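Look for chain A in each of the two complexes below; its partner is chain B in the first and chain C in the second.
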Partner chain A sequence: MIQMSALFRKEVVESWRNFRLMAILIVFIIIGVLSPFTALILPDILGMVMKDSGIMAEIPDSAALDSYTQFFTNMNQMGLVIFVIVFGSILTHEFSRNTLVNLVTKGLKRTNVIVVKSVFLIFVWTMGYVVSALVTYIYTLYYWDEAVDHLILSFTMTWMYGLFIISLVMFASTLFTNSFIAVLLSVVAIVIMMMMASIHPDVAEYLPQYLIGNNVGLLAGEVEPRDVLWPSVITGGVTLVLFLLAVLRFRKAPMN
Partner chain B sequence: MSILRIEGLKKAFNEKTVIENLELEVGSHEIYGFIGSNGAGKTTTMKMVLGLLAADEGDIYVCDEKVRFGDTLTNRHVGYLPDVPEFYTYMNAVEYLKLCADITGVEKSAQKERIDELLELVGLKGEKTKIKNYSRGMKQRLGIAQALIHRPKLLICDEPTSALDPKGRMEILKILKEITKETTVIFSTHILTDVERICDRVGILYDGAIVKAFDLNQESFGEKGIAVELDAGAYETLKPLLDIRRMVGTTYIIADHSMKEIYDTLHAHKIYPSKIVKEQKSLEDVYLEVTS
Partner chain C sequence: MNMDIQEYLPFLIPLFLLQLVLVATALVMIIRQQDFRYLNRMAWVIIVIILNIVGPILYFVLERR
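Then we have the complex of A and B:
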C-alpha cells in the first residue's frame, strides 16, 4: 500500500509539473463551456449562412438536447482523443526512458505499477469528465432550464467507454514499448470493432461503441435504458479483462 | 555466506548465445570486478540477477534466495546502478530519494536521516536544483545514492564510470570503495585500471563464461619480462640474440631470459642500458592474453 500511494503521488506530481493535468482540465472545461454555447448560437449562425446564400427556411430554436448532443459529439470525438494523446504514453515513456528500472530493481511490484497507473488515468479521466459534464449541465440549465430524461445514464455511457479506452491503452502499452505503436494498436482495435459492427449490425448492439453512439438516442427517447444494459456489461467485462491482461503481461515483460 | 551465487547460467538472444554455463560466487563485503569487452554479456548477466531478463537455463541466488524473473523478492537485498541511470528529472535529489525510500519501505521516521547521510556520501547535500539540470557525474552520484537507500547487501554497478571524465571516475570509485563496509559491490566495466584500483577479485567474461578469475589482494599476474631501455641502434644487434617481445619507444621488453643472460649479452656486445627492470604483467596484459 505504501508503494502504491508513493507511486500515485509521483504520478500526480509528474502530470502537474509536466502541465499534462492542467492541459487536460483546460480542454475538458473548454468542451464543457463550448458545447452549450455552440448549441445556443448554432441557429443564429445557420440563419446567417442561409440568408447569405439566399436560402429561406425556418430554423427551430435550440433546446437542451442540442446542448447535450454537442457535448457528446465533442467529448466522444475530441475529448477522448486528446486524453489518449496526452496520457497514452504514461507507461511507454517509462520504458523508453528506463525510469522504471531503478524502482523495479528496488522491489517495486510490477502489479502495483499497472494498478497505480490505471487508477491514476481513471482518476484524471473521471475528474476531467465530471467537471466537463457539470459545466455543460449548469450552462444548459442556465440557457434552457429544461429537464432531460436519463441524463446521468447517458453521461455514464461515455465515462464507461473512457474506462474501456484506458484499459485498451494500458494493455497495448505492455505489449509495445513504443507509445505510438501502443496508441496505434488501440486505434486498430477500435477500427476492427467498428468493421465488425458494420459487417454484422446485430453485433453492434453489444460492442463498446454502442455506448458512445447512443447517448443522444437515449436522451431523445430513441433508445431505452434496457438497450444499454448488455453493451455496458460487455464493456465493463472487457475493460476488466484488459486490465488483468495488462497486469499479467507486465509481470513477465523483459526490461532493458 | 555468499551474497551472490550463479550456477550454470545460459542465455541466448535469437539463437546467438551470449552467456554459456556461467558460474560465479561472490562473498560479502568484497568488490568484484566483472570485466569483458562490449557485448560480452556483462549487462545481460546483471539484468538476469535483477530479474529483469529471464535466464534460459541455470539458477541465480542472492543471499541464498533464488532469483525469479519478473517480480523477484530478492531485489529487496539488491541495489542497482545502471550505466546511465535515468530519473524523474522534474524532481530534485531529495524528492527522488524520498520516492525510492517509500518504494523500498524505509521507515518514515528514518527517511530524512538516511537521505541526508547518502547525499553527504555522494556529495550532493544541499543540492536543490532539479535533476534535469544535473551533469552526468552528478546523475551517477545520485544513482549510487538511490541504489543504497535501503541498505542493500549487494550493489550491482553496470559500467558506472565509463561515461565520466577522470575526476568524475575518481569520485565514483572512491564512493564504491567506501561503501564496502556495508555492502558487497559487483562492478562491471571495460576500464581495467578502475578494476585494479578498487576491486578485491576480478573475473574475465569471455565467450559467455568466466575464463579467468583473480584475487587482486593476493595474486600477481606474473612476470611479463625484463624491460631494458637502450639506444635506438641496439635493437638490430640484440634481435638475433634475445627474445624481444615488445618495444615501447626505446624500451624493449625481453621475455624468457634470466636477468643474468641479459646482462651477459649486453656486456658481451658492449651495450649499456640506461634502465633495466623486471616488468610485472598488468590486468590488461592478462585480459588481452585471455581474450585474443
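Then we have the complex of A and C:
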C-alpha cells in the first residue's frame, strides 16, 4: 500500500511537472465549452451562408440535443485521441528510459507498477471527462433548459469506452514494452477492426463501438437503454480481461 | 458580421483564457529549455503560436518527457 501511494504520487507529480495533466484538463474543458458554442452559432452561420448564396429555407433553431451531439462528436473523436496521445506513453517511456529497473530490483512489486499506472490513467480520464461533461451540461442548461432522455447513461457510455481504450493501451504497452508508436498503431488497428466489424448490424450491437455510436440516439429516444445493455456488459468484461492480461504479462515483461 | 458578439462572450472569454494558458505555458517552457530533441527553439515557438491547441499539445508530448 505504501508502495502504491508513493507510485501514485510520483505519477501525479511527474504529469504535473511536464504539464500534461494540466494540458489534458484544459483541452477537455475547451471541448466542454466549444460544444454548446458550436451548437449555438451553427444556425447563424448556416443562415449567413444561405443568404449569401440566395437559398431560402427555414433553419430550425438549435436545441439542447444539438449541444450534446456536438459534445459527443468532439469527445469521441478529438478528446479520446488527444488523451491517448498525451497519456498513452505512460508505461512505454519507463521502458525506453530504463527507469523501472532500479526500482524493481530494489523490491518494488511489478504488479503495483502496472496497477498504479492503470488507476492513474483511469483517474485522469474520469476527472477530465466529468469536468468536460459538467461544463457542457451547465452551458446547455443555461442556454436551452430542455429535458433529454437518459442523459447520465449516455455520458456513462463514452466514459466506459474510455476505460476500454485505457485497458487496451495498458495491454499493448506490456506487449510492445518500449515502442509508443506500436501501442498507438495497435489501438488504432483495433478500433478500425471494430468499425469494419460493425458494418454487419447483428455484430454491431455487441461491440464497444456501439456505445460511442449511440449516445445521441439514446438522448433522442431512438435507442432504448436495454439496447445498450449487452455492449456495456461486453465492454466492461473485455476491459477487465485486458487489465488482467496486462498485469499477468507485465510480470514477465523483459526489462533491460 | 455584426452578430451580437456580446451574446457569445460567455463562450469566447473562457475559450480565449484556456488557450492563452496553454500557449503561455508552452512558450515559457520553450524559452527555458536548453536542448531540444526535435527541431529548435524558433521552430517550436512558431508551431505553438500558429497551431492552436494542437501546437502546445505536440510540444508537451514530443519535448517534455
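Worth pointing out:
The definition used in the following text is that the second predicted complex is superposed on the first by the 239 of 256 C-alpha atoms of A that agree within 3 Å, B and C clash if a C-alpha of one lies under 4 Å from a C-alpha of the other, contacts with A are read in each partner's own complex, and residues count from 1 in each chain.
Simple rule for what comes next: a contact is a pair of C-beta atoms (placed from the backbone, for glycine too) under 8 Å apart; a residue touches a chain by one contact, two chains touch by 3 or more.
Quick caveat: nothing in here was measured; it's all calculated off a predicted structure.
When both complexes are superposed on chain A, chain B and chain C sit side by side without a clash. In the superposition on chain A, contact is made by A:K10 with chain B only, not with chain C.
Once the two complexes are overlaid on the shared chain, A:F37 sits against chain C while remaining clear of chain B. Judged by the touch definition given at the top, the superposed model places A:Q77 against neither chain B nor chain C.
More residues of chain A lie in contact with B than with the other chain of the pair chain B and chain C. In the superposed model, A:T126 lies in contact with neither chain B nor chain C. The vertex angle at chain A, taken between the C-alpha centres of chain B and chain C once both structures are aligned on chain A, is 80 degrees to the nearest 10. By the touch criterion defined above, A:I2 lies against chain B but remains apart from chain C after alignment on the C-alpha atoms of chain A.
Legend: residue contacts after superposition of the two complexes on their common chain; A:T111 is shown touching chain B, with no touch to chain C. Contacts of A:L103 after superposition: chain B is touched, whereas chain C is not reached. Of the two partner chains, chain B is the only one touched by A:R251; chain C is not. Contacts of A:N18 after superposition on the shared chain: both chain B and chain C are touched. The superposed three-chain arrangement places the nearest Cα atoms of chain B and chain C 9 Å from each other. Common to the chain B-facing and chain C-facing surfaces of chain A are residues 18, 97.
Considering their complex, residues 3, 8, 10-11, 14-15, 18-19, 21-22, 25-26, 29, 53, 56-57, 60-61, 64-65 of chain C touch chain A.
Listing the residues of chain A that touch chain C in their complex gives 18-20, 22-23, 26-27, 29-30, 33-34, 36-37, 40-41, 44, 82, 85-86, 89, 93, 97, 139. Of all the residues in chain B, the ones that touch chain A in their complex are 47, 50, 52-54, 69-71, 73, 75-76, 78-80, 82, 84-88, 90-91, 95, 99-100, 102-105, 143, 146-147, 149-150.
Contact residues of chain A toward chain B in the complex are 2-3, 5-7, 10, 13-14, 17-18, 97-99, 101-111, 251-252, 254-256.
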